[in-house]
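The next part holds the structures, each set out as structure tokens.
Two complexes, one shared chain (chain A), two partners (chain B, chain C).
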Partner chain A sequence: MIRSTLKTLLLLILCGLSLLPIFLLWVGSITGKHELALSLAGILEGQGQTCFPLFPAFPTLRGYLEVLLDTPEFYVVFWNSVKVTFFIVAGQLLTSIPAAWGFSRWHGAFSSFLFYLYTILMLLPFQVTMASNYLVVDRLGIMDSHAAIILPAVFSTFPVFLTYRYFIGIPEEIFEAFSLDSSSHFRMFWHIGVPLAAPGAKAAMLLCTIEYWNLLEQPLLFLKTPSLWVFSLYLPNIGKENAPYAFVFSFLVLFPMCLASFLQKETLQKGIGAMALKQ
Partner chain B sequence: MKLKQQLQTFRKIWKFNAIFIFLAGIAAMTVVSRAADSFMVPYASVASPEAKKLKYPLEIQGRIAPKENLAICCPEGLQIAQVHVQVSDAVEKGSLLFTVDLGSLQGSIAQAEQELQKLELQIKDLTRAWQRQTSQHSLDLKRAKEDYNDTLKETEAAVNAALLELEHAKAELSLHESQKPEETASQQRANSSQNLKNPAATPDSAFPIENPMDAWAAKQTELEQVFLEKQKLYEEAATSRKKALKAAARQVEDASLPLDKDSAADLLQIEQAGLNLTLQELKELRKAGGKVYAESSGQVLECSISTGSFTSLEPAIILADFSHPFQFEGALEEASLFGIETPAIEEGMEGSLKAGEGDISLEHVKISRISQGGAGTCQVNADLAPHGTLQPGEAVLSLETESQDYPCCIPLSALYSRESGDFVIRVQESPSILGVQPIAEYVPVEVLEKNSQYAAVEGALSPSDCVIVTASKAIKEGDRIRITKD
Partner chain C sequence: MKKQHTLQKDSLFLLPSLTGVCIFVLIPFADVARRSFTTLGGSRFIGLQNYRTVWGNAAFQLALGNTLKFLGISLPLLLALSLLLANLAYFGGMGLYRNFCLLPMAVPTAALVFVWKALFHQSGAINSFFHISIDWLHSSHAFAVLTASFLWKNMGYYVILWATGLENIPKSLYEASSLDGAGPFAQFWHITLPGLKPMSSAVFTLALAGAFKSYRESYLLAGEYPDKSIYMVQHMFHNWFRDMAMDKMYAAAVVIVCLFAALVYPLRKKGGGNLDSFHA
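== the complex of A and B ==
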């Protein structure tokens, strides 16, 4: 009993520590401008002490009001982020599931080698492929547009890798049984492969959504026009005088991902767990 | 059990729709934010700097007056029986101005006639005297010429006679020299010259000449003396002739001098002509029954006569002559004339004239003369073209002066001031999160000149720039603005 209680307490502490940044973000968002300037004097002014309060002396929702009502820029960058994330995830859905299906069903001489290369590509960080990405995007003439971010990301290897694990986990007998009814590979893919790999696909989509929602390097490299910026580019451009707005802004863009993760946590856990089990 | 199923159903629906509800909320807030932004962003109308001349409207108060006046004169010394007009009366051509007393007029006519007769007699006397003088002068001249001719003849005869005698003596002397006895030529010449130079040294004639040479020498001496006497006589005759001719010529010259005519007669004739005119006027006045009429339509400006008074050399009445073109007469402060506050006005500038109660309007009225007035003002005159309804009275001449040509002029409402100086708000297209947005930028300028509408400025402005002329609210540097089309 005591052991169980201590375990629970430890987990609660760890959970609290992991949630502390979000909590501080929220506290900052309801703190007044002057109070925040005093608290963050060491950071904002370069002199004085920085002592972030656990709760503001005079909490206010003025920051939310000003961001939501007086800052149309917030909505521009928010919807830019939504647009980029949606099209990337949708594109990945259309490309990664057939690709994963192909890798799982193709047993050719180079299939393993090709998948190995695919896996290596997944492991490469963006900084490594940045130059080649830049050249391709420039050659395609889509520089300084959302397509410059969406198009390379659509062909990401991570969802392929994740969904592939689900496809290879489907027993061969099921496909043999289905082949008695139909010889169409597409029908087999659509009626057997997709439904059985749906949890993996959903988990992949959720993880990709979180990843591309917080995209930074690609917009920084490819987007020059401010009206095309996503929030990750806009956030550093908020001036010191509008520091409370940065907290509000961060909290607002964090909120949908927190919501999605919270609501879809079972799918996420199931997908990742299944992937781990199969590995 | 049923409640548990409903909760599970709600949780499933919530899971799928929470994100969409959040996005829908954000979408709604986007619309609200945009609407609020449209209220917050100031509306502004803009204009571009342009090259132009600043115009200054100027109004000169004055009056319309005839360009020329007409003096009604009357012979001097007439008594006025009645005056029919007074100052500022408007009269038509042929209107009765005043009446002269007929008795006084008759007396003046008689007096003038008497004076005229007197003058005629004086002129006749002077004319006769002059004729006598001219006759005497002609006679004197004729006599002087006759005297000259006589003197010429007489003196010429005397000179000719002396010349003959001189030639005769010379011939005798030459003949005697040719009859000289034998002697060396050198001795003969020595003796001869000694005798000529010193006749006293010659041997006394009382002594007998013992040889022919001596007798010849004595004769020679005698002849030489005779020759010298004749020569002297001839020279005296020539000198006398010269003197006599000179005296006679001077007499002719004196007699030829023109007579200085006395101008008294001419003066009397001039006086006579004047008196004739006066008499004629008096007779015409008597013929008109002593009534004096206006020769043209006009307005009585001055009237120096009254009933019972006598006329003088001064005009009896001065009329503003409406038969001639009118002119505008106005006064203006010297500041406007010399361009202290606005560009100077000058002769030849055109404007529009309004007279009456704005009923009469004349365009292209040109300033004909600007002259110095009193007390810091100047007089402005403008000739007016003939106009049917134009009447003397109050009028306003509207002018428009222009400054020099400035390359950068903006509406005055686009000019703002602060402690550091004047500035304009330029609209700069700036890329932002919301797209390319018009942003306000303060541009310091120096005001060169301004009128009630525009200001000529110097600064970092170009004709392609847009400056804010009016705004719905105060605009700070860097503010976003919304440009209205008007």
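== the complex of A and C ==
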């Protein structure tokens, strides 16, 4: 009896902790300007107290109306983020599925060496490749454009690694049955590889969308023109006087990602699991 | 031998990706490695001079020490806690947690820091609630805030990783051992831990790479010049970059790539060209 109560309590704490910041941002986003100024006085005025109300006394959608109707900057940075994320993930999909297929079919010392390189690149922190990244962006003359963010990210090796994990689980008999009546490499890739890669590619796409939606370091380095900014650059610059917008804005950018990862949790869990499982 | 030949042709599928990786990463990085042995203009070969400068640099020593401290504290905490939670989620009937544990990962950092700021500000919610006045973000406490934020964001990912490993341990082992009278701790020690061992180095490497991403939180919470306790290798790179101290950057980048190369070595794909690796 005590055991199950403790278990329920722990479960509630864990789920609560996972959801708390999301919940607080949502509460902030439906709290009116004056009420928010009152409860966040400690931070906004630099004196007094701060207490996060667990629910506003007068919930309002005015913040959403003002952001969606009267704040053109919101659309600019939101669509910049959508554009950058979309092209990165689409480009990754086009290059990484064939590459993962290649790695799973082609064996030998050189293939192993390349795969080793790819694994290192997947794990390197951005700061380490920052200097080389800057050199190439500068040389290509794409500084201060979305291409400077998109092109290097398309060739991230993470989706190759993840999709490869799904390919190596394919039993060899499938290939043998196929090569009896067809010798075309491309057809084999198209008819066996692509369908079998679908769950892995979906997981990789989701994880990459979450990752690149949250992109900060590269835009910070390469985007100087404010009209090109993604939301990660714009959000921290919202002044204290516009605190209500900051909450609405934050909630609008986190909601699509949280919803997608909640609805696709099985795909995500399988993809994450595939990262470390020995096949 | 025909089979060998057909498989060689499959290497062509790598071409689009490999071309891009060469243009955007490998060739520029080879250039960086070359420049790390020359003077700033790239004209004169000076051997390991840049490496010596970096090693003796105060910022480098501070950043390396802090980074190692952060890794040494946050990684064991993350891996041990997530293993415990994965066990609870898998055996303890707390499966519900798996539905929500990945949500923190999806929250963009730029939005998340508003909550952390509201909580940890000098007159923020935590200080107001406990009637204390600790400057969480701009003192040595920032280290604890950063660790907490790292754990919050990544816990779910590693719970899922461990849980996948647990699912792959045959249930019959647990059933047989309970018949022999083994308790949960004995089972954990003699079945779960050995069962998870094959994946542990991959999990550790992923966690290590993930830990370096906490720069986003740190930058957005404390800016380019944070408290000394959370000044890490990533800050150092950004500051050197802004100061155009490229010679130091090049040398430090080469050192870190070598460290990662050594670390990843056990995880590499097994070579040799035999097809057995398909079934292994």
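Couple of notes before you dig in:
We take it that the second predicted complex is superposed on the first by the 259 of 279 C-alpha atoms of A that agree within 3 Å, B and C clash if a C-alpha of one lies under 4 Å from a C-alpha of the other, contacts with A are read in each partner's own complex, and residues count from 1 in each chain.
Operating definition for what follows: contacts are C-beta pairs under 8 Å (C-beta built on N, C-alpha and C of every residue); 3 or more make two chains touch, one makes a residue touch a chain.
Fair warning: this is a prediction, and the values are worked out from it, not measured in the lab.
Overlay on chain A: chain B and chain C fit together in the combined arrangement.
Once chain A of one complex is fitted onto chain A of the other, the partner contacts of A:G108 are limited to chain C, with no touch recorded for chain B.
Applying the stated contact rule after C-alpha superposition, one finds that A:A260 touches each of chain B and chain C. Judged by the touch definition given at the top, the superposed model places A:L68 against chain B, while chain C stays out of reach.
When both complexes are overlaid on chain A, the residue A:H34 reaches neither chain B nor chain C.
By the document's definition of touching, of the two partners only chain B reaches A:W229; chain C does not. Judged by the touch definition given at the top, the superposed model places A:P98 against chain C, while chain B stays out of reach. The larger set of touched chain A residues comes from C, when the choice is between chain B and chain C. Once both structures are fitted on chain A, no C-alpha atom of chain B lies closer than 15 Å to one of chain C. Common to the chain B and chain C contact sets on chain A are residues 260.
Across the interface of their complex, chain C is touched by residues 7, 10-11, 14-15, 17-22, 24-25, 28, 40, 42-43, 46-52, 94-96, 98-99, 101-103, 105-109, 111-125, 127-136, 151-152, 154-155, 157, 160, 168, 170-172, 179, 183, 185, 189, 210, 213-214, 216-217, 221, 231-232, 235-236, 246-247, 249-251, 253-254, 257-258, 260-262, 265, 268-269, 272-279 of chain A. Contacts from chain C toward chain A in the complex involve residues 6-14, 16-18, 20-21, 23-29, 31-32, 85, 88, 92-94, 96-119, 121, 123-125, 127-129, 152, 156-157, 160-161, 163-165, 167-168, 198-199, 202-203, 205-206, 208-209, 212-213, 215-216, 219-220, 233-234, 237-238, 241, 246, 249-250, 253, 256-257, 260-261, 263-265, 267-275, 277-280. Residues 68-79, 82, 225-227, 229, 234, 255-256, 259-260, 263-264 of chain A are the ones touching chain B in the complex. By the touch rule above, chain B contacts chain A in their complex via residues 14-15, 18-19, 22-23, 26, 29-30, 32-34, 36-37, 40, 431-436.
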